[in-house]
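For reference, the structures are reproduced in the following blocks.
The same subunit A turns up in both complexes below, where it pairs with subunit B and then with subunit C.
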Partner chain A sequence: MNDNEHSHTISVLVENEFGVLARVSGMFAGRGFNIDALSVAPTTDPKLSRITLITHGNDQIIEQILKQLNRLVDVLKVVDLSSEERVRRELMLVKIRSGNHQEKIQKILQAYSGNLLDQEKNIAILEFVQEHDKNNEVLTQLGDFEILETARSGNIAMQTGKKILAT
Partner chain B sequence: MKMTGAQILIQGLKDEGVNLIFGYPGGAILHVYDELFRHPDMHHVLVRHEQAAVHMADGYARVTGNPGVALVTSGPGATNTVTGLATAFMDSIPLVVISGQVPLSMIGNDAFQEADIVGITRPCTKHNYLVKDVRDLQRIVKEAFFLARSGRPGPVLIDIPKDLQLHECDFIPYGDVEVRQRRQNFTAHRGQIRKAWDLLKESHRPLLYVGGGAVLSKASVELSQLAHMAQIPVAMTLMGLGAFSGVDKQSLGMLGMHGSYYANMAITDCDVLVSVGARFDDRVTGKLSEFSKHSRKIHIDIDPGNVGKSVPVEVPVVGDVKCVLKELIKMAQDDADFLKEYHRRLKPWWEQIQGWREKAPMAYDQGPKEITAQYVIDTLYKMTDGDAIVTTDVGQHQMWAAQFYKFKEANCWCTSGGLGTMGYGFPAAIGAQLARPDKKVICVTGDGSIQMNIQELATAVEWKTPVIIAILNNRFLGMVRQWQELFYDHRYSEVEMKVLPDFVKLAESYGAVGFKATTPDEVPKVIGEALKVTDRPIVIDFQTTLEDNVYPMVPAGGAVSDIVLA
Partner chain C sequence: MNDNEHSHTISVLVENEFGVLARVSGMFAGRGFNIDALSVAPTTDPKLSRITLITHGNDQIIEQILKQLNRLVDVLKVVDLSSEERVRRELMLVKIRSGNHQEKIQKILQAYSGNLLDQEKNIAILEFVQEHDKNNEVLTQLGDFEILETARSGNIAMQTGKKILAT
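So, the complex of A and B:
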């Protein structure tokens, strides 16, 4: 990222229809904008889905992203959470070769409120739910271990207090 | 009452006021064509290439303001519409294109004549649909027309699987069909309009910069009223031509790469620039950092995505151009005393503009020997009293038509401004002529471009449309040759049309009329003859200067003030 570029978390409420994700990601691809992370799931109203997008760019690019998202017919609401009070969480699964270091692993799990989901011989799957940056910290802490794979949801986010994402 | 998908479609089109569609049949759309057979009141123009069907629908839409409709089969039929859709998308033209698709159960199997047309056209339509349940069809058809027309207009595609065309469901009366009313029409913020007016009031050198949005919003009357009340000069983009009368004293004609010297100087020197349905396209701004550097900018546009996209704007006004202009007019009316003073204040600005006009008027020299392209356009203009509908292809002829045909009103000019599609002009002319039988329609084209959809001569003969096809025949892909001459040191790489058909014989072989003009004095003669023909297309082969260049010209990437006069 350049100096004048910032990471933005954008929440998008869309019609829960096939092809919507292609429209959203196609808009990014077609205009050369980046998606750093993305997650989609239906809301409590099954007709609607909520997309959380992490992207980066300078102010002008972010403004264009918001406007171009708004232009898509299936998009009902767009909020840039970066300018709002919000909470963010990312789910991260990490598969490591644990060796004989159970103690160190327990320490890390405790420090970051993680869970041990699976242990087969000396292979373990750890789970962490916290902000993306915190999860990065965990990976540093796990530096002594061989990390076999990671799976991360990317941050999802919500405004604090009364504000909700609705049409 | 039960109806099949095909019946629902045709009824849906009728409910939207459609009585003319452009199309080409094939396997996956057969059920719809069979239904069409039962509706003699729904006229169908059988084209010779699907691309042309979409351009015809586009020409129809540009001159009427209503969505044009095209109907094609799956696979190659559908992929042939892509250029037409992209052309309409770039220029915000309302279209509804309906394609057949392989049966639902076969989608995704690489079935015969299957193409993922919804995927292919996603980035070049305003919206598109694959219908998966016949019960959705009525809503989708109504929604498609709603979307095509509303907000910033654009093309919408509906892909209908073959089996679904025979599926049955209950028919709902049109008024009861619920569409999802999506945010399309923005009502401009009154406070922003007030700010715009206040900023305009501070100006000493204002300019109205008018684009296609003013045409789409049918805002000519309001534009002319505001411009005249405040005595502000008006410059138009390629897409805006006709929104303000080109023969009005306040018109500076076209601006941009091949715009007039005075329009380009005015936009460079103005202190308040009011963009009216224009989008600061790179062909207008030239080098961005140098563009209209000293002006404070007001941007009126219905698409928030256009505002501030390339040029920072002080007063954005997001809303329908016509509505916004109406509000501005009211504010002006309440400021009658101010206007008197304002008119006095603008005198030096008008004098400066007059100076530029005298320094470089839009003029040309027609000598005794070779026919100049400008002379052909000017003669067409004079012999039709400036009342014709003109369509063009893309190239030098397009720019000369824009420079020398002065449109008095909107919806008389069809040109592919955004995508720059060669092959657009002739089919668009047929669509325009079918929409406006009362008007003279002229397609100004080049010897390169006309060959991209010349097969439509058959369609034009069949429909007895007396479109005049004025070929400015310079035996080159002229515009490309001009760039090679100027920027590639005369290296003419693949721009010569070494083999050309005999256009007169070609026309005649289709049953059209063909003329050829080789000397200047023949020009008015053949045009006069062509204007007499009322029952079939007329091809005129004007043998023009081979290596002429379009001027003025803002060199690509250069500042507008770097404009080259000759």
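So, the complex of A and C:
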């Protein structure tokens, strides 16, 4: 990212129509916008799904992204959560070779409210739920370990208080 | 889902090339396969991203999905985690009108290891991290409350032990 580029977390409410994810991601690809991370899952209304995505760009690019998203068929509502009071959380699983370093692992788990999800011999799966950037920090902290694999959700986000993503 | 259809969680390792998500989701749309939920985020190797998706179908459909995924440019590895020892976790945020029912909310949080993420007057955001199906159960348990909105990651998943998603 350049200096005038910022990371934005955007929530998109879409009709649960066939191919809606292909249309959204196709728009990004077609126009040269980046998707750094994305999640899509159903809402309590079976006709609607909710996409949360992380993208980056300067103010002009972000404005274009919001405009183009709003133009898409099946897109009902778009909110850039960067300018709103919100919670942003990412689930990250990290598999490491734990070796004889249980104490150091426990320290990192405590510091980031992590959770030891699985341990088989000297292979451990750690779980962290916090902001995407904070999860990046964990990976740096785990630098002394061999990181075998990671799996991340990207930020899942929601405005606080009574504002909701709805039409 | 019909009786002979099952939900499958599939991990896909992809090159972090422009438009790879559009190609993957476009293949699903083009061939009439369902995506029930999907997450994509970078791995520790900046050249690679990892997609976790939930789909459903009978054995023949799932076999087709795996075959077509493997054929896509930029797809390096595909694993159907349904037939493997694995952990599967979904992050779900639920905003409810909490009213005067703090005790009932605390009970549900305890029962599902949930977390009160935010509380503004009588609006609460609850966080749950567990399997997708178990999160559905939470929504049923919250049936007495007005659910204002939900945001979910879909399952994030990983094989346990030393097997990893790599080429």
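Note that the second predicted complex is superposed on the first by the 167 of 167 C-alpha atoms of A that agree within 3 Å, B and C clash if a C-alpha of one lies under 4 Å from a C-alpha of the other, contacts with A are read in each partner's own complex, and residues count from 1 in each chain.
Note that a contact is a pair of C-beta atoms (placed from the backbone, for glycine too) under 8 Å apart; a residue touches a chain by one contact, two chains touch by 3 or more.
Since this is a predicted model, take the numbers as computed values, not measurements.
S.K.: Considering only touches as defined above, state whether A:Q141 meets subunit B (first), subunit C (second), both or neither.
M.R.: Once the two structures are laid over each other on A, A:Q141 reaches no partner at all.
S.K.: If we overlay the two complexes on their shared chain A, which of subunit B and subunit C does A:E120 touch? Say first, second, both or neither.
M.R.: Only subunit C; A:E120 stays clear of subunit B.
S.K.: After the superposition on A, what does A:A22 contact: first (subunit B), second (subunit C), both or neither?
M.R.: both
S.K.: Tell me the contact category for A:L93 with respect to subunit B and subunit C: first, second, both or neither.
M.R.: Touch status of A:L93: second partner only.
S.K.: Once the shared chain is lined up, is A:E63 touching subunit B (first), subunit C (second), both, or neither of them?
M.R.: The first partner, subunit B, only.
S.K.: Touching A:S7 in the superposition: subunit B (first), subunit C (second), both, neither?
M.R.: neither
S.K.: Does subunit C touch more residues of subunit A than subunit B does, or is it the other way round?
M.R.: Of subunit B and subunit C, C contacts more residues of subunit A.
S.K.: Using the superposition described at the top, list the residues of subunit A that contact subunit B and also contact subunit C.
M.R.: On subunit A, the residues that contact subunit B in one structure and subunit C in the other are 18-19, 22, 26, 30.
S.K.: Can you list the subunit A residues touching subunit B in their complex?
M.R.: 15, 18-19, 22-23, 26-27, 30, 60, 63-64, 67-68, 70-71, 73-74
S.K.: Spell out the part of subunit C that touches subunit A in their complex, as residue ranges.
M.R.: My answer: residues 11, 18-19, 21-22, 25-26, 28-30, 32, 35-44, 50, 52, 87, 89-93, 95, 117-118, 120-121, 123, 125, 127, 129, 139, 147-154, 156-158, 160-162, 164-166.
S.K.: For a test of understanding, state which residues of subunit B touch subunit A in their complex under the given definition.
M.R.: Of all residues in subunit B, those touching subunit A are 118-119, 122-123, 126-127, 130, 147, 180, 182, 303-305, 307-309.
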